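Have a look at this one before I ask anything.
Order of writing sets the labels: A, B, C and D. Residues in every chain begin at 1.
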């Protein structure tokens, strides 16, 4: 019960500071902790390094923090679909470190799992490997990548209990589970908040140990980036 | 449907060969693919290297393959509770490579995830680090450990569908999910076999892509190694 | 007559085998899902955390929690499973996906692939492309044979060596363009081989639009070997 | 009067804090779960894949699929979650467990710990002990102060340096024996400090049974600093 906070501002109290590193879950606009991102914006904290697969779109997701120029650096795999990002980047106001998506996901998992570095084939022979150690194992070439940790992780889940146990829904899972493990403080927003024991313990995807604070966001708005449909057969 | 086989012998047909490496799921006698291990025994295949956290007990689990001297080498973290193991080891008939339990679990995950090596603090400054590379990251010492792969993995699940999607139950999950990803051929025995679509896709723990063959073992015997109980209040 | 986008997708679909797990990139590769032969079991992986990807939803049935790697709304199937991005790329990196079909800006005769950035232009990032080409068992590129610039100029995309930054070194097994099909011996020194021509396209027409050196083996056996 | 096993467990329970996630080893450490103060939220981790471990089941309610790391049948709680061994040790290795309480054969004054093998005797393996001592934030050892051999001989277990193969180098923060409590400056050069005595046990009695050098700071402030 002590983990449950009244709202996003309360859940982030005492955690935010300028120049901190923040992980934000989500892929595109799916599974993005938008309420928590909104509260980070409202706090005015700045100089952030944000680790997130994407950078939101204009007016949504991390786009909110770009508008207010609170982000100094992004560590991402893909930042298309965001004009503000392009402007700030070209003006030299925003740094970007690109990571292959799987390397990014694994670096975050490694950070949470106490693994300071690992080897992957991904990116060998490309720009991504420049300045990184490479090494042969079994005649194949690999790049050494390091674990990532953050001061704060904000994640979005479908369901959570007051112990911090979380369940994600469909492809809104994406980066949220690893990020929940890789920060000093993890704050979760959950669409459904239940009592301990109400979630089948075999189906819990993030154990409560990883979640320090939790808020109930039943009304979280869900946006669709690319609405694609098929016609019904007549 | 093509993945479902009539019995363990059929599911292992064409896969077994002398001197192969086999991963076997389970912790103690919990979540052990006992029916598949029985079929490996019956096949008479020998010279096996077996990767499994434990070595069963006399008469159960991998104990079956020790009785018939089909195992040449074990890669494990703990092999107590097995007299036959001790005898064969002391007689020089059996090799053992000890791995810290978490290192073993992570080596198997790495093998399945295309990661040839990673660094861990575990075992630094101990016998386990001898002959291995060590390295400092951020002022802390780490040991380099390599990924493990096998020719065959045998796993036990609570539920599975004909696509190979698996769900494990309680602490019978243990090493089964990683092993399912780290072998050229993974064969699963499931207590409940259902049709695709009957398992909530958010709760699937091993995606069907990892499981080549599956058998239905509704009658799988479950043994308890240490039966411990408490008294009811009078 | 060069192949249409649909014909290129149809040709790519010939690389599918029963029981395959396949990742399809954005654009023409997505169309390949329309040509999976009846009775063949092929599961599509979406690297944002899904196996068993279904078609687009009917209007009004879109689920914001269910999108593919191109951020498009999709549906699930009875075979579907969901997992995290780390597990998804463990699947990809670990060599569990049989086939990746994706687009390209340039392909070199040794299998080098460039499809993620043009220096001097705004860089959007590589997304999952580098992981896919490094980890998937077989990589098939489907692309226009030549690049047409806005000013009307045409430049070859099959090159001796890529001049754009690479997505992966020695990663492409097969290239399907609107003019024909090329196999690449990415692990060895066999280079690139033209193994099929689009109907009505001549070897000479292809040579005129190709910088890469290539052998020709249009008989069925070579095609099969690819 | 030396402490009993129960008293040692009681003393170890003083290291618990509200909200802690704790891993308990086999033997005396297991008893610590009987002394969690009322109203304090402490979740027990079992490294075979469970958080929120409950008590032993009532007779007849044992579940073969639900065991702890000692292979004993246990029960679940409303707070329980299950996960794989890889995820369990990611939790341990990643520093998410606050406290590990475990037994030992030997502890050295620099925090070295030996508890998994005796050369020349049959080796059973280290199980999860090496991972726990390397990964958990605070490591507390609970053990008899001295080893009594079958022939009646007594040998110290708190040593200048361990002669048995190590489980971990510089990993122990606190040692609770039947005679007293010692803190260890494992990261620095502060060595071992006696911070508490069992009722009726003298400093001299402890010195007689201890090979390790140790400072003494029995006042409350030093105890708090431990």
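Just so it is clear, contacts are C-beta pairs under 8 Å (C-beta built on N, C-alpha and C of every residue); 3 or more make two chains touch, one makes a residue touch a chain.
Given the structure is predicted, the values throughout are model-derived calculations rather than measurements.
Visitor: Going by the contact rule set out at the top, which chains touch both chain A and chain D?
Guide: Common contact partners of chain A and chain D, which must touch each of the two, are B.
Visitor: With contacts counted as defined, which of the two, A-C or B-C, has more C-beta pairs across the interface?
Guide: A-C
Visitor: How many angstrom between the C-alpha centroids of chain B and chain A?
Guide: Taking the average C-alpha coordinate of chain A and of chain B, the gap between them is 33 Å.
Visitor: Centre to centre, by mean C-alpha position, how many angstrom separate chain B and chain D?
Guide: Here chain B and chain D have centroids separated by 28 Å.
Visitor: Find the geometric centre of each of chain B and chain C from their Cα atoms only, then give the gap between the two centres in Å, rounded to an integer.
Guide: 36
Visitor: Can you pull out the residues of chain D that are in contact with at least two other chains?
Guide: Expected reply: 76, 82-83, 89-90, 92-93, 135.
Visitor: Which positions in chain B touch two or more other chains at once?
Guide: In chain B, 106, 109, 113-115, 120-121, 168-170, 173, 201-202 touch at least two other chains.
Visitor: Indicate which of the five shapes (line, ring, star, complete, other) describes how the chains touch one another.
Guide: Graph shape, chains as nodes and touching pairs as edges: none of the named types, so other.
Visitor: What are the touching chain pairs in this one?
Guide: Contact pairs between chains: A-B, A-C, A-D, B-C, B-D.
Visitor: Using the touch definition from the top, list the residues of chain A that touch chain C in their complex.
Guide: 27-31, 53, 76-81, 86, 89-90, 96, 98, 100-106, 108-109, 120-128, 158, 169-178, 205, 222-232
Visitor: In their complex, what parts of chain C are in touch with chain B?
Guide: For this pair, the touching residues of chain C are 19, 21, 41, 43, 45, 51-52, 76-83, 89-97, 135.
Visitor: For chain D, which residues count as touching chain B in their complex?
Guide: Within the complex, chain D touches chain B at residues 46-50, 55-59, 61-68, 70-74, 76, 82-86, 88-90, 92-93, 112, 122-131, 134-135, 165-170.
Visitor: Spell out the part of chain B that touches chain C in their complex, as residue ranges.
Guide: It comes out as residues 2, 109, 111-115, 163, 165, 181-182, 195-197, 201-202, 204, 207-210.
Visitor: Where on chain A is chain B touching in the complex?
Guide: Within the complex, chain A contacts chain B at residues 106, 110, 113-121, 137-138, 140, 142, 146, 167-170, 173, 200-203.
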